[in-house]
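Chain nomenclature is as follows: A, B, C, D, E and F, assigned in order of appearance, with residue numbering initiated at 1 for each chain independently.
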Amino acid sequence: MKISARNILHGQVVALTKGATTAHVRLELPGGAVVTASITNEAVDELGLAVGQEASAVIKSSDVMIAVE
Amino acid sequence: MKISARNILHGQVVALTKGATTAHVRLELPGGAVVTASITNEAVDELGLAVGQEASAVIKSSDVMIAVE
Amino acid sequence: MKISARNILHGQVVALTKGATTAHVRLELPGGAVVTASITNEAVDELGLAVGQEASAVIKSSDVMIAVE
Amino acid sequence: MKISARNILHGQVVALTKGATTAHVRLELPGGAVVTASITNEAVDELGLAVGQEASAVIKSSDVMIAVE
Amino acid sequence: MKISARNILHGQVVALTKGATTAHVRLELPGGAVVTASITNEAVDELGLAVGQEASAVIKSSDVMIAVE
Amino acid sequence: MKISARNILHGQVVALTKGATTAHVRLELPGGAVVTASITNEAVDELGLAVGQEASAVIKSSDVMIAVE
């Protein structure tokens, strides 16, 4: 599958917390930055996500803001 | 200003394209990944964005998906 | 690639309009409903999108609202 | 009320799960596709959502991505 | 139509700019705050939006971030 | 920090509910409108949010829809 989302950031799952319906997944990128995703518990199960696994953060460009100091 | 968005990725502006109302800004992260943001032309002007500048991509965790191969 | 997004709706591209930086793509689903996506021109080119093509609309569940009459 | 969101997909509620603050609502469209929405428990209560009910999924076109095989 | 979106802010259209495919609409709220929406030109036409008109900004709560000084 | 998001609405926290992973924060704007944000519990803690506090709702313009009666 190829997707229109402009941002596909490869990394490794470093933390995974399931809530009642929503889970938080943390991915560490090669440069050391950590990306947090808030996804459904169901998606965590279906993708078989686990700490230590390789995965990508996928982000539509219209969901990215820019900040400057 | 401190913001609730869980993802603040520092990088450098490597490309900037303005359309009629919407601009695309590309940021290179330290690890080499490139993040594309689709923001208003107005925001580009107000932040004084330019290629070469240090900036951050700010992304709410509920806008991040996870993909696996 | 498997993605955490809960909504992957298969259909056929029935219209495609490119703007200065942003394109609108319309997909007709089997039941007749039409889904409109606003994506970058760049994504349209990279995916080689064209009218008549099979494609899927991918939507994160946190971006779906519910309305009742 | 008329809304700017380009996507209003009519269907029937086929599942409804409430979490601590966030609920997942599943809507089956006429063509058989199922759409999952992640909304607040409060919205579920205010709209009086229940399995079997007619409802619509409302999605802003900037939240729709396109994927191809 | 009743919608699950938790934020429906009533105001008056004070500016309207159409781009190639995307328009920016500015709404002034009773307290003086101005809200900017980036919507499709098509939606502007279909809703018959014009400066001076009463309208509402509709925002899903998962798209709202919080910032503190 | 200056951010590209076009909407920064100043107000006061009037309610705060934490779920398992996701919290709902309500902000009252000067004109009396109330804005609800769905953010991570972690962000609530990190920002030290509490009822009575001054805070701002930050919303990207591409996440704002317009509705008319």
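Everything below uses one rule, namely that a contact is a pair of C-beta atoms (placed from the backbone, for glycine too) under 8 Å apart; a residue touches a chain by one contact, two chains touch by 3 or more.
Everything numeric here is computed off the predicted structure, so don't read it as measured data.
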Applying the touch definition from the top, give me the chains sitting in contact with each of chain A and chain D.
C, F
Chain pair equivalent in interface to A-D, over half of contacts matched, among B-F, D-E or B-E:
B-E
When I count C-beta pairs in contact, which pair ends up with more: D-E or A-B?
A-B
Could you grab the centroid distance between chain C and chain D? Build each centroid from C-alpha atoms only and quote it in angstrom.
16
Between chain F and chain D, distance of the C-alpha-averaged centres to the nearest whole Å
23
If you average the CA atoms of chain A and of chain C, how far apart do the two points sit, in angstrom?
21
At which residue positions does chain B touch at least two other chains?
1-6, 19-22, 24, 36-40, 42-43, 47, 56, 58, 60-63, 65-69
Over in the complex, which chain C residues touch chain B? Could you list them?
1-5, 19-22, 40, 42, 60, 62
Chain B touches which residues of chain A in the complex?
5-10, 24-25, 27, 29-33, 35-39, 43, 47-49, 53-69
Chain B partner, complex, touching residues on chain E are 17-24, 36, 38, 62-63, 65-69
Chain D touches which residues of chain E in the complex?
1-6, 37-40, 42-44, 46-47, 56, 58, 60-62
